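Presented sequentially are two complexes of chain A, the first with chain B as partner and the second with chain C.
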Partner chain A sequence: MSIDLSQFHQVFFEESFEGLDIMESSLLALDLSEVDAETINTIFRAAHSIKGGAGTFGFMQVSGFTHVVETLLDEIRGGDRVIEQDHVDLFLLCVDCLRGLMTDLQAGSEPDMAQADELKVKFEAILAGEAIATEGSNEDSVETSATTLENITNSNDDDIKGWKVEFIPCEDVLCTGNEPYRMFRELQDLAEAEGGSVEVIPHLERLPEFSKMHPEMCYLSWTILVRAGIELSDIEEIFEWVVDDCDIRYQRLADDNLSAVESHLAPEAIEDVNEEVIAEETVAEETVAEESISNADISGEQKIDQVTEKLAQVVAAKAKTESPKAVVKATNKTAENTSIRVSIDKIDGLINMVGELVITQSMLGQLGQEFDMDRVQRLQEGLGQLEQNTRELQESVMKIRMLPISFAFSRFPRLVRDLSKQLDKEVDLVMIGENTELDKTVMEKIGDPLVHLVRNSLDHGLENAEERTANGKSSNGTITLNAFHHGGNIVIEVKDDGAGLNKERIRKKAIEKGLVGEDEILSDAQIHDLIFQAGFSTAEVVSDVSGRGVGMDVVRRNIAELNGSIEVTSKAGEGSTFSIRLPLTLAILDGQLVKVGEEVYIFPLVSIVESIQLEKSMLNNITGNQFVMQLRNDYIPILCLQDIFNTGAEKKDLEGAMLVVVEGDNEKVGIVVDELLGQQQVVIKSLEQNYQKVDSISGATILGDGTVALIVDVSGLNNKPLEKNSDDQTQAA
Partner chain B sequence: MTSAAQKTNNDVVSGTNSDDEQQYLTFIMAGEEYGVDILAVQEIRGWEATTVVPNSPEYIKGVINLRGTIVPIMDLRSRFNLERVEYSPVTVVIILKVETERGERVMGIVVDAVSDVHSISDSDTRNSPELIEDLNTEFIRSLVSVDDNMIILLDVQRLLTIDKKILNIADELAADKE
Partner chain C sequence: MASILAVDDSASMRQMVTFTLKGAGYDVQEACDGSEALSIAKTKKFDLVLSDVNMPVMDGIELVTELRKLGEYKFVPVLMLTTESAGDKKMAGKKAGATGWIVKPFNPDQLLNTIKKVLG
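Presenting the complex of A and B:
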């Protein structure tokens, strides 16, 4: 009997992703000075189950890779090896790598093994290093080390084919009068005397940013492959002068492994070079294009050939860099179809509720069979009970979709750790209210904006340690993530104790970009609000972390899509707080039912400011058809749904009409309705599922009588008249 | 249309049960008989009042509540630019269901009356002549003759994927008329 294993794949992926999360959080929680055996065990178990699962389902790439990780973990667990910071970093990289592999596999595409292979080599190097020291006391590591390059030392002692020299000079090697190039030349002379050759592979990892580069420092390191039968002492002699302040390692090359070494080293080297090439070429692209124009007629065909060749290279290089992105995009699509894990408590609660509902139903059924007017009282009681049951049931079903926000927060310790390292800032992350529950859909969509805010706070908000101590603050910056319920909303705060928003700079930038007039007086809140404008960034240096000015406007838009809002408060020198306010769920909404013509529409209750009866004195007519009304200090536009929706229903006289004032995107609009009906909770149904997105409509619902009513998207309405006007203008022009 | 009918006026042997035969539900609209794949038909209902959707094309009559799902209703006469008629008690709504990239999609079409169920072999169908370049011909899969009557077989998949692009075209056409 054969079982179709693919039906379990989804479960495997989910469990594996959970396992990876556990590995990641445990690794981050690991205190190196006092290693907790249980934490190591947790990490090991997670890795082990991923390996086991992957093996069962035939994902050999994953299981093979995990095996190496597991071997090292096993040694640490068994006390054969002390865990170091390097190991933790490496394990974290592995978690990322495995996650990538798994996402690829889940999407049904062939996983990209390049990173995995690279990491594998590193692991095997570590494992092999130990194997040499313990003289192969550990079976496992000897077995795995059989394929590594380090084991070369163990084999073929008598047959010298050459040496691999790792030369990592100290930074001021040039100041001491030692020139690496001279040493390489000597090496080459030596090798050529023996009929061999020398290959020098530079490593550029230590190269700092150009602005930080010191001209007299040496940032390079080299791997030198000497393919000649020379004695180690001869090589050592060449490096004699620098051996004290440089890191030099010698390894014997064996014939068989020569090519292996090359291929292992090659990806690294090629990658380094590639990066440069790509960077150069993208810069070159423009100049090449210009060249081709200016020089084409002068130097004729030959030149053009060269240029096209160059361009082809550029395109190829670009395609190379862009293709991984395309893969990522493709995987995102499929990943959305996920399942949800529900605690057994919630299910039990649900079953109880259903039990009560059944009892009420049978009670009402009995009542209906022998009904007379005397029992009206009992019928009403029964109906009341039914209503309560239904509401409780509805609430607990909704709760199933609720997850603690720690799901969204869990990625931040890692993110903050990596980023603070990258930015060289000391940052503490404090998370409060991780158990606050939030709808799963909302959670999925709030992740990216939150990441953006945290990155921003880290990059722009917090100062570096020197600046902080100079300002009398502790050198460690603090970022606080806080989630709590407030009314029917959930509020998520991202708070930093950094420098705060620089009002002057924002103002200046806004004037520069023409967003505000030069002598406009703005309140603090208005200035802070400017950072949410598109294309707005005050960062003086654009880093890869943030500063391109794409972002805050996207953050605001994403949050607005969830019917939420975002605000910022900031105090110079004390820090900034971004508060996101979101509805608890997207599935249910408190609505005000209104009638316009024959149709019933629903306004979200939260968006309604007030409802008033129009009087002639309030009305002002501007530009013919557009009416505005004065409401206290504001002039607000008056709209008729009949016009906006083109329903063709007859319009009533504005005077004496009922007006519902709604607010969305901080703009108020008055909407003329024929009749105000009741208020009720409505379940939001998708219009898009079978139809398509409709402007100014956020969804539909089913009313008590079974008919469909549409829910008005208030912020969509606000933009409507503007669009119309601009259309008119373009037509007129 | 009539010329097309003559071209494809081959006799179809009905009633045979070979494997490539498919069953089609046929309905009448403006005297012509149309057919849709019976597997795409979810149910047949009477006409009921709909909730009008704002700024929808004229052929979308609105949406109804079909046991908890919101289902749009399309007037097929209006879609095919046929003369409009008053809805009567025999006016039927055929609820169609297709699988698309975005999942299942359900939509109702208003037709004059339901006619019959025919078994039609794929080999008996003829492509519709390409003379008529029209938005509507996009929805026609093929033509077939059953008992000397021509049946227009519709491509349900296309009919139901009224995506934004097609709607935009329709809007533009409407705007041009204005």
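Presenting the complex of A and C:
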């Protein structure tokens, strides 16, 4: 039977990544002055599982690398070695390295082993420093090669006629579940396969008086005559599990009769030949490898594994040639499969709701079959029920995609640790609201902006220890990550207790860059908001930690793509707080439906500033058909969706038209619509998946009457109008 | 067909073992650590227990010890899945009453062959 192991790869990768996360967080939690044994155990188990899984699923590079990590951990766990800061740092590097290897393997590409090899050397150096480790592994290899040497001598000998096995089991052999009958049966199968036979002769000498007999004990012993040309190692394998606590002796059968001619190596005797063995080790390895591979009835993959059992070293060399094949087999599609873990509670809730829905449906179905007008009220009740069921069902389905924000937060302890070391600042990280739930997709996309903000706070926000003490603050800076739900949104705050934003410097810089006029009066909030402008940086020295000031505008753009917003509040000397506000999900949108010509469009409700009726006094014609509108102190460009999407619908007179003012990317724009229809929650369907990407459209949805409505991408619109209109003009000209 | 209790804290290993054994017609139940396995074993007698060694909450060695204390599991074969190719872990398992071991990494065929031998 052959089983395609690649079907388990995805699960293996997932649990390995989880294991690596556990290793990382446990390593970070480790207090070296008082090492907690269970924490070390947890780290060890994670490494151990990764190694075991990697070996089983054919990722020999990973398993070989993890082996040295595991060995060191095992020594620490066993108390043979005291864990030091250097070890922790090295383990953390390994976690990163393994993460990289796994990511490569998951993507189906050949992993880059350069860093792993480098780390492996370091581990081996540590391990070699202590005799215990090397001694242990030597013993292993000697033992294995001892058996293999025997194989060679045996296989060179063609004239095996059979074996006499003296089997004197320990009395409680049955209590370990080892049934002698099973071994005889195996022996028989083995012999019959070679056309031989087995004779079992029981001995009753050890049998006590009946009254002293214990029903669970085994008092029998046996002499087994195996008349077949089989290798001793094959027989030994059958007794492998009991050899340590039973007395087993092998003798070779002579040609014509049953008398033994040559006494063979009993297990104890093997140790005596250890020294010779080492000398012949290399020869033995090669021959055994060849021998196992030439074994005809086993499949290709198995060959490698069989050798593994006997000779770890051979595999290490073999793995290099074997692994690429394994990787190719993994195929690329696994990389695209992402899955999600859902708690049983959520699933149960869902099943419960579907049950209710079915009941409502059958109730309505019955009502429909024998309907008359007297029952209108019941129909209405039923429909009300249906609406409630649907809403509840929708909510719980959405909940499935929700994960606690700790998934996004979990990387920060490590990040803050490494960065504070690098910057030589002492920083405490406080995380609040880690169980706040957020859509998985939003979570994935918010990771990078969050990292950027935290880096920024650490680098620019927090002062160094001297400066802090001079200002009467504690020498440790604090960065707080706080997540909470606030009215259908999730708010994530990144707070530091550093120096706060320097308003004067920002203002100066902004004037320098021409972002604001020299005599412009700006409120604090407006000044703070300047840091989100493209190409703005106040850092006098460019550092490799938080980049070169191309960051904050990108952060804002990324967040805007998620239909979210970011703002900053800051107080000089007390610190800054960045608040990110995000929708809980990307799958559903609160939308405003509008009608333009025959088409219905949807604007995200969050992007709408206001809706007004245009008056002539507000309108200003700039060029051709390009108008702007004066709204209080702002001048806002006016767009017609007919132009942008070339629908060909008739344009109405701007005067008196209905205008929706929307804001995206910090720019306002007024859009002329024929009619405001209503607000509703819409389910977003991807246009890219179902059709193709369309500029200025972020998706589509299906309305209650079955028609498709397009969702307008407000940020996209802002970049669109100028080129579009200039096109029009060239055509007109 | 014989029933097997497969115990491993690694989901991928559990899946692989279960898939292999179910494919061969065995009746398989999974547990993700020793204590879960023990409570399952108390409700139903399995013909064979297949257990990882290193697990959280209750490890494989402790599981065998506890199983052997249950009257029903006195003679039931218990195989340990172990990466330690030699030495103390195997011995600790044997001492606790394990029948034998299967050395990781193993492939599905090796697993089946060993189990076939034990269950006959």
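Going forward, the second predicted complex is superposed on the first by the 455 of 733 C-alpha atoms of A that agree within 3 Å, B and C clash if a C-alpha of one lies under 4 Å from a C-alpha of the other, contacts with A are read in each partner's own complex, and residues count from 1 in each chain.
Going forward, a residue touches a chain if its C-beta (ideal position, glycine included) is under 8 Å from a C-beta of that chain, and two chains touch if they have at least 3 such contacts.
The shown structure was predicted, so the numbers you read here are calculated from the model rather than taken from an experiment.
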*asked:* Contact-wise, after the overlay, does A:Ile644 reach chain B, chain C, both or neither (first, second, both, neither)?
replied: first
_Looking at A:Ala700 after the superposition, I want to know if it touches chain B, chain C, both of them or none. Which is it: first, second, both, neither?_
first
*Pick one for A:Ser406: touches chain B only (first), chain C only (second), both, or neither.*
neither
*Is A:Glu216 in contact with chain B, with chain C, with both, or with neither (first, second, both, neither)?*
second
*For A:Glu599, is the partner it touches chain B (first), chain C (second), both, or none of the two (neither)?*
first
*State whether A:Ala709 touches chain B only (first), chain C only (second), both chains, or neither.*
first
*asked:* Tell me the contact category for A:Ser362 with respect to chain B and chain C: first, second, both or neither.
replied: neither
*Broader residue contact with chain A after superposition on the shared chain, chain B or chain C*: C
*When the two structures are overlaid on chain A, which partner does A:Ser197 contact: first (chain B), second (chain C), both, or neither?*
neither
*Taking the superposition as given, does A:Gln689 touch the first partner, chain B, the second, chain C, both, or neither?*
first
*Along chain A, where are the residues that touch chain B in the complex?*
598-600, 641, 644-647, 685-687, 689-692, 694-697, 700, 702, 706-710
_Give the list of chain B residues in touch with chain A in this complex._
49-56, 60, 62-65, 68-72, 103, 105-107, 162-164, 167
_Which residues of chain A touch chain C once you look at their complex with the stated criterion?_
1-3, 5, 7-9, 11-12, 14-15, 42, 44-45, 48-49, 51-53, 55-57, 63, 136, 139-140, 143-144, 174-179, 182, 185-186, 216, 240-241, 244-245, 298-299, 301-302, 305-306, 308-309, 312
_Contact footprint of chain A on chain C as seen in their complex_ = 9-13, 15-16, 19-20, 23-24, 54-56, 68, 74-78, 83, 85-87, 91, 94, 97-101, 103-110, 112, 117-118, 120
